[in-house]
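There are two complexes below, and they share chain A, which is joined by chain B in the first and by chain C in the second.
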Partner chain A sequence: MSFSLNPADFVHLAPVLFLTVWACLVLLASAIGGGHGRHYGLLAILGLILSGLGVALSWVQHVQPATDLFAGMMVVDRFALFLDMIFIIAGILTALVADAYLEEHRFTEGEFFALLLLSISGMMMMVHAGDLVMFVIGLETMSLAIYALVASWPGQRRSAEAGFKYFLMGAVASAFLLYGIALLYGVTGTTNLAKLAGVINGKAGEPLVLVGMFMILGAMGFKVALVPFHMWTPDAYEGAPTPVTGFMAAAVKAAGFGALLRLVAGLFSADAWTFGSTGWINIFWVLSVLTMTIGNISALRQNNVKRMLAYSSIAHAGYLLIGVVVVGLDPSQMGAVLFYVVAYAVTTLGAFAVVAWIGSRDVERTTLEDWYGVAKHHPAVALAMMLFLFSLGGLPPTAGFFAKFYLFKAALSFDSPQMLTLVLIAIANSVVSMYYYLRPIVAMYFREGASAPKPLTSFSVYWVLGITSALVLILGMAPDATLAWAAQALMGG
Partner chain B sequence: MLLIAILAIPLVGAIAVALMPRKDEQGARHMGMVFTLLTFFVSLALIAGFKISDPGMQFEFSVPWVRSLGINFHVGIDGISLWLVLLATLLGPIVMLSTYKAIDTRVKEFVASLLILEMAMIGALVSLDLFVFYVFWEIMLVPMYLMIGVWGHGAKIYAALKFVLYTLVGSLVMLVAIIYVYVSHGAATGFYTFDYMVLTQSVWGEQAQIFLFLAFAIAFAIKVPMFPLHTWLPDAHTQAPTAGSVILAGVLLKMGTYGFIRFAIPLFPYGAAVWAPYISGLAVIGIIYGALVAYAQKDAKKLVAYSSVSHLGFVMLGLMAMNEAGVTGSLYQMLNHGISTGGLFLAIGMLYERRHTHELDQFGGLWRRMPVFAGMFMIIMLSSAGLPGLNGFVGEFLILVGAFTHHQGVAGTDLPIFIWHSRLMAGIAAIGVVLGAVYLLHLYQKLMFGPITQPKNADLDDASWREILTFAPLIVLIFAMGIYPKPFLERMEPAVKLFLKEYKVKYKASEGYTGQQPKQLASLSRSKYALPALSAPRAGIVAKTTMAGGKAVSPKVPKIVRPKIVPPKVVRPKIVRPKVRPRGGAAPAPRTPRKRISPEDMRRIRRQMQQRGRPPGRGGRGGAG
Partner chain C sequence: MVPTGYVLVLAAVLFLLGLVGVVLRRNVIIVMMSVELMLNGVNMTLIGFARARGEMFGQAFSFMIIALAAAEAAVGLAILVAIFRTRRTVNVDEISLMRH
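Up next, the complex of A and B:
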């Protein structure tokens, strides 16, 4: 493999590199300036905005399908840039919530934001990866930062336990991933996704290839919490500091699905996608059904809102898998998945911002009883939460409804009975999910609270609630612009 | 534009009320009153501007909403929806007036919910785009859910949840059917649109129609509610506050029957014909069952709730007869039910305000204490029972006449079994009329006659001026519609005739048609907004069929000078267009295709993007002809 370092390639990667450097700066600043009460969050947001400008510039420039960097190690295409933008926006919103949350719960602030930025740069590497090695590096950068973020709550045993659990299971998943990659390399002699796609078509039936691909699939399933690999999710989501939970549900999931889509397009053999043969599509089909059904059914009995939203995120991963199946059949339908990712990310960030908002020092107030009567004391926040829950459940005129509608439309455009069945199962799941999404509304609106909650009355949190609810409504009622962007976010090649 | 105004006023009102200070409860009530009255008065302009002999859509307005998917914000009314819209706008101020005393907690939120609900109901009644209709249909759920849950009583949370989940099951099935209609119509014609006026020009294959009709019918039948799917209704009615019950009975239930007549039957006539005998069977079961269960109730509100099941059975029976008498009758009966059952709920709500109970045993002998109230109640009760001279009689009579001559002129009716089926149905339904009188008189007798047994009833106040004012418009309408139904019927008639004519044409066209894709009928266009030029064609697909445009209007449809309506403005939202030309002028180096997107595919995608940039309607349509 000839390897020449082209200096121009670094320019394309500027947003990622900049973010990494900025993370170190934040760390340095906190080392000099002390840990508490300094709004490092604003510093992090500044870095994210600058990086976001770079991504936007790159988007305007990259009208061509793709640019390969470093001999195919990384790819810059609009698909990756679209996802970059999601990570950055999710990062900004998370940093805004965390800014108030960390102060209330006495975190050491500098590291938190540095880790947040590092995890985002890892995600960006992950979706830009054109090579499995690069993909692993990105994944690990992201994951290690997230493990630390989950466990970062000082003096909270649950947070440490969640972080440890997540780390151990994540390490096992990483091991599987690497082993799978090694097997594929053994058979094909390459780790480059573009080359793999060419070689693997002829070797789809070979046992080593199959084992390798299953291992990679399992590891990805762990990262995006698909059903047989979802056990860590509720614990990790519940134990983590709430802004981190929101970030995991929005950005980590988006990154995982971005990478999965790239693997699906590049790795999983094209021939095996059609129905009828025991192709990959059937596996994704089954995973989708399992994930949404089990996610929704487990969420039904949860009295803890945070845990309920964790199960709901599993269910949404199931809906997103419908999109993966759709993209596998017709890559030009990418817009449907990406729109869903955006809608879900915005909605879930808003919902977790409300969860973060309601708790105060020492009391997290995440059970439904804690939410009794919130609508009476804080009607605006209750209204926003209702909007988010309806969006998660898929009622118009919200982002969640339009995303679901668009996804179902894409799925039904194939006119195949399997897709119709999948959509009908998803519909049945939506009805089931509405039951538990209504429970917080019942608590907030229909019940009388014993005492008024003492929430975080920080403007940054209210900003986040305002922005996310506005986005939920805009995506639901005027989705044209976002639809156009999502439709342009095609993978290169 | 008039319809847009009618939709916008309640929405503006809701926002205005939401921004008011929390403590000013009376102010919020007045504000709600002002906005509902304003909506009502503006909606009266609909009657003034309505062209009686025009069977087609009037007051049409269409503006692209989501261009890339061919979703237009298309609204319009015809003789079928005109009176239902007016019913909704009339019940707005009446309900508002009835809540001045009944609702005393979170008044601001209540008024805002009511206004949003009013907007959503009107929106569902006027929308002529399936997507827009679905959005309004679902928005109706939320305020009603809050009304039952926050201001209801008893097992309100259970009732609210049941209401939402029941409705959601049906509507999501309908959503799948809507998407299927959209996708298959787009695949067949090249025009991806949700526009009802375009979609209704096509017929689907027999098999598809049977399933599509079923999917729509489930959604609508739950809302009506038809017999086996009715169980949410008594709960919702009993636990809801009076205002919620009135709206629920008055307008919300009509959404189901309206959905049948507007969407399910015209879009899938063959499916409708296949299912009609079963649906009318269920309707008759509903009539008898509802009446019997109503008679057995000890709770006044539950009694009226079950009477709704019975009355809406009549509406469905008339509708499924698919002849002029039956359909007109069922439209008329929808209005009657809204007025009389709405009135009954109001009356029972007033009793509840005084005594805080719905139990029949708690009352008796009220006639002596509250003569004015009892008199008004009696008129409404008799209207509901169908006394000749009052409105209920006209509707029920027409329905029974229609049901007796089931399915005239459509295949299948010459078989003796169908003739006997319809006669049997009409015969049993006639028993339902008698049973209706039984339970309503039973209700009235229990409440009003006999000695005063409960000491609390001995010093009840008679109806206040506010309450009299609440009833007055209803009572006026009951007499007007009973004695002189012509102004109402003559506006319905042309639309009903057109509905039946098109039903027959489309039925004939779809009979024996087994194709996978929908086929278009050239003779059915009635809206100039239905021109495909307005609905954004999906890029890259050239139309295979020339659409029946405005010029191809069937000569049989009377040509009528339309009221001045806003010309179809092509409002084009600014979309960031893809720049697909290669950068710097140099062609990109040929890359080995490494993914499954072949060069051909890439070219196709690029071509599509270029075409998307073009003004719609020119590229696709003209090229085909």
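Up next, the complex of A and C:
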């Protein structure tokens, strides 16, 4: 393998490098200026906006995919750029919520925002990966920053415990991922995704390839919380500081699915996906059904809203797997899947922003009883939360409705009985899920609270609630523009 | 020269020993060492394959993994210190506030 470094390649890497450098600057600023109450979040947001401008610029100027950057390590196509934008917007919204939340709960701020920026740079590397080595480095950059973020709540036992559980299982998952990659390298002699795609269909039956693929699949299933690799999710989501939980549910999941689409849907040809041939699709079919059903059933009996939303995010990973199957069969259907990712990310960020908003110092207020009577004292926030819950459940006129509609429509376009059953199971699951999405609404509107909540008063949280609820409504009533963008975001496009 | 198969089997045994250690041992420090053992199993697999193919790529990749393992240990030990400060224990079974 010959390797020559082309300086022009760094232009494409600029948004990622910029974020990394900016994260160090945020750390430096907090080392000089003190750790608490200095609104480093605004500094982080400035960095994210500048990086986002870079991504937007390369989206606008994008003519053809660049696949050979850094000797094939990095790919720039619209698929990756679209996901970059999702990460950056999720990062900005998270930083806005965190700005108020961290002050209330007495965090030291500099490290938090630096880690947030580093995890986003890892996500960007991950979806831009043209090679499994680059993919692993991006994944680990993201994961290590997220482990630290989960455990970052000072003096809180739950936070440290959640971070540790997530770290330990994540480390084992990474070991499996690396072993799987090592086996693929052993059989095919390459870790470049484009080269792998050319040879792997011919070797799909070899035992080492099968074992390797299953290991990679298991590790990715861990990262995006598929059943049966989901055991860490409720604990990590519950113990983490709420803005981090929202960020994990939205951005980490989007990054995981982006990478899964690139690895699995990109690696195998459509023939390897069809029912009855080598049968990759059957595995995803089973995983999808298990994930959405067990996620929803577990969510039914949760009285803790944060934990309930954690199980809900597992269920949504199940719906998104339908999208992985769809893209595996027909890559041109990417738009429906990415639209689902956008709608889900915006809605989840909004819902977790409400959960972060309602708690005050040392009191998280995440059980249903804590939410009694919120509508009487704070009607606007209650309305926004209702909107988010409707969107998660898939009711019109919200983003979640069109997301499910387009996804199911794409799945049904294949005219196969298996896809029809999958969609029917998904619809049955959506109906069941409405039960637990309605419970917080009932608590907020129809129950009397013992005491009025003392939520965060900072304007930055209200900004986030305003932006996300507006987006949920816009995506729910006029989805065409976003859908058109998402449809352009093809792998290798 | 040692046949590649031997190297791969030894690597697989290392990986499995690490996995067994993660599952069975209760001391968190030992569990983290077991994860390192798994990663070293991966390294040995890569090096074995690279030798069989007569190229350097596997070795280069294993250096990346060594760096990743170091970063992972740094973050893991930092979180462990945070836990130890409030609980004075490194036993996996005692680190379980959340159970529903």
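We take it that the second predicted complex is superposed on the first by the 485 of 493 C-alpha atoms of A that agree within 3 Å, B and C clash if a C-alpha of one lies under 4 Å from a C-alpha of the other, contacts with A are read in each partner's own complex, and residues count from 1 in each chain.
Quick note on the criterion: contacts are C-beta pairs under 8 Å (C-beta built on N, C-alpha and C of every residue); 3 or more make two chains touch, one makes a residue touch a chain.
In this text, all values refer to a predicted model and were calculated from it rather than measured experimentally.
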Touching partner for A:V21 - first (chain B), second (chain C), both, neither: neither
First, second, both or neither for A:L210, with chain B first and chain C second: neither
Partner chain(s) touched by A:L53 [first = chain B, second = chain C, both, neither]: neither
Touching partner for A:F446 - first (chain B), second (chain C), both, neither: first
Contacts of A:K195 with chain B and chain C, given as first, second, both or neither: first
Chain A residues touched - chain C or chain B, whichever exceeds: B
Which superposed partner A:V133 touches (first chain B, second chain C, both, neither): second
First, second, both or neither for A:I427, with chain B first and chain C second: first
Partner chain in contact with A:A31 - chain B first, chain C second, else both or neither: neither
In the complex, chain C residues that touch chain A: 8, 15, 18-19, 22, 28, 31-32, 35, 38-39, 41-42, 45-46, 48-49, 52-53, 55, 57-58, 61, 64-65, 68, 71-72, 75-76, 78-80, 82-83, 86-87, 95-98, 100
Touching residues on chain B, where the partner in the complex is chain A: 66-69, 106, 109, 134-135, 138-139, 141-142, 145-146, 149-150, 156-157, 160-161, 164-165, 168-169, 172-173, 175-176, 179-180, 182-184, 187, 573, 575-580, 582-583, 588, 591, 593-597, 601-602, 605, 609
Parts of chain A lying in touch with chain C, wherever the complex brings them together: 1, 133, 136-137, 140, 144, 147-148, 151, 155, 157-158, 160-165, 167-168, 171-172, 174-175, 178-179, 182-183, 185-186, 189, 191, 234-235, 238-239, 302, 304, 307
In the complex with chain B, residue positions of chain A that touch it: 61, 63-65, 193-195, 197-198, 265-266, 270, 331-332, 376, 379, 390, 395-397, 401, 405-406, 408-409, 412-413, 415, 420, 423-424, 427, 430-431, 434-435, 438, 441-442, 445-446, 478-481, 483-485, 487-488, 490-493
